[in-house]
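We call the chains A, B, C and D, going by the order they appear; numbering starts again at 1 in every chain.
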């Protein structure tokens, strides 16, 4: 019974998020949007009932309501009701933002993945080190961004230091959109140095997590797989 | 004898896939397409004979026919015959898709690489963890995509939530095509955060596989190289 | 008292760097630039006082003045005074460069992160190996860049060997701006080989740091976390 | 004496390669090209003398001449002499290619880095596994490329299967030029799957090298640093 409820809930979460995403797509027929609207109401009512049921059944409702999942469960229901109230009002962007809050429903799904696994433990343990590392990336981006702003200037798209720093982050993380790219020889030379250094330092966070995870794994080899994907409803 | 047959088969697979690929290229002379067509028939007949030979020689033909390689072997021959039947019909796209199925012939080649190696074992063992991780990437992309859709809007190319989520996946995987890129300062700020976080979490799957593989390698150091690349015909 | 001073200094550093960055942004009101200018003076005076205080309080002022942090502290104050002197002069670019030197203030922040941690030790220990590796990347880029220059030529944007080498570095580091991209079949074929090889060798520096770090971590497991993020004022 | 000779040779190699690269840049004054030409002759004569000296001093000249460095040393001198012979001839592209062969001089520099180090040993030991892995990347690219060609078609730039496969390699290696990008919803959906899978499998070669290198390092911990960067003249 509880299992069936979980499966229905999982399907509804996925369907609901797909609905929110499809709603934003232009070009469907009028009928499609109508069906999405009806479906949205059915799912919201189901999530509302789930929310009420959880409040009734848990020992301390206040603990649940202000917990991570309590807030997520509320966010899964309230936006549609509120958007119903504000309909016709002028605060269009606010209503739109409100409605899109429903996408956080996807976080309900994390209930079924489990948090007490070694993966997140390894990530938590190396959190401080990764933060220090990302901090260095940010500092490097600010200095390199200022240099690029000075060298390339506004003609090449480096219109201000914040934009140059944004370009440096895009480059150091090896994303490289190409919306902004150096055009002067000096700029390309500095960019090449930034990229080669970035290529070298990408190894650092990987090495850290790898070593931390290996340490974790060697510590308790028997409990590894069993407690990994466990359901806590 | 069996060895010679294998070498011929390997060459034919490679030649055949190159033929399928070249067939799609515009701008060759009429003669070239004719030769590709003749070559295609010779290869298909060879593969047909191979398929029949395998059915005859194996102990349980039904097991082979419905096995992975049985289906691949059938897919290597049947499209050309079927396209011969449907020629002149209107279902052009279907015929085209059918003909391109021949590209799956490349999978015949995996027979000669061997599956029982430590590489795929390490990948299989960490499969569950990588899946959980990729799942988190997907959830992050959906939430970040919705935020980018709200901030950047349709003017910047973020025309719908699915497209925004697609952009987030392109960015988080550090591919960064640049066909869609944030143009507003707020959008670039959020994008920078997404990239830096993505840069930090790229370490996670690498660390997992690395640790799993190291564990595997330490376990049976003697059997490592010998059973790695073995032929199972 | 010392703690409060540190917190104020940290906030001032961050605020100051944000000010330098905002100053370069076009489109704010006149008033905003005026406030940025006043704020700049307040921060500069504070940093000047800090610099003088440090010279007075340290045992050997000459050691401090020519140390890394001594130079950074001086660079945090002097540019504004100098730009005040040169104002009205014609050396516009020089003044601009001078003013932007203030961005190096961000390096003051590294005082609070600590250097004697395992992360930078692991990086230092594998420095020689990473350098050798990056050197090979550079050599590969020069050779591959020359080949691409010969094959693609100037029509595709590969206007000279330095630009081709720049493109190779952009590609090998998987940044891929797309401002220059091969268009001929031969060029795309060579580019595909460069990318696949680059994909394979990205593993090398990661593996090195990972192994070095794991070795370091296993060596002194007890001192790991405590001495990681320590403050040395 | 030998040391001084090595330093001069190292400088000449670097200068010479910079000269070859600068020669291809348009826009310098006539005088600059003249100086580059003179410098080129001086360097070539020096390398010629070095080549002759090596042949005279080594025990078995024939072994040296047909060794890797023997061929590189010859390639460092002969192109200029040959281009002198063919000057005025029509085989322009051939002469151009010939002259650019001089860029292989950069490989002379590898003499001073040393090959018998653990880094290249780790790479050699995991060579077979990385090859198998890259082979799978190629197979995936061929299949995914064919699917993208069928879905996106020629309107989106996926003009033929080879071009689609090229796009897949660009995407799987996370380079992402953006010269070709999917525009249809189905194409973007398949592309997202390709990228997420690519993101997951990038871990595999890294993990392999990392584990191999760690194994190597643990094996002989004492000989690690001394024999790493050694000069073999």
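Heads up, the rule we're going with is that contacts are C-beta pairs under 8 Å (C-beta built on N, C-alpha and C of every residue); 3 or more make two chains touch, one makes a residue touch a chain.
Keep in mind it's a predicted model, so treat the numbers as computed, not measured.
Taken together, chain A and chain B share the touching chains C, D.
To fit its Cα atoms onto chain D, chain C must turn through 90 degrees, a value rounded to the nearest 5. Relative to chain C, the most remote chain by averaged C-alpha coordinates is B.
We define each chain's centre as the mean of its Cα atoms; on that basis chain A and chain C are separated by 27 Å. Centre-to-centre spacing of chain A and chain D amounts to 39 Å, using the average Cα coordinate of each chain. Residue positions of chain C with contacts to 2 or more other chains are 133, 162, 165, 174-178, 202, 206-208, 210-212, 214. Residue ranges of chain D in contact with chain C, taken from their complex: 17, 20-26, 96-97, 100, 103-104, 106-107, 109-110, 113, 117, 119, 122-123, 130, 133-134, 137-138, 162-163, 165-166, 169-170, 172-179, 202, 205-214, 217-218, 225, 228-229. Chain D makes touch with chain B in their complex at residues 128-129, 132-133, 135, 139, 142-143, 146, 149-150, 159-162, 165, 171, 174-178, 181, 183, 185, 188-189, 191-192, 195-196, 198-200, 202-204, 206-208, 210-212, 214-215. By the touch criterion stated above, chain A contacts chain D in their complex at residues 174-178, 206-207, 210.
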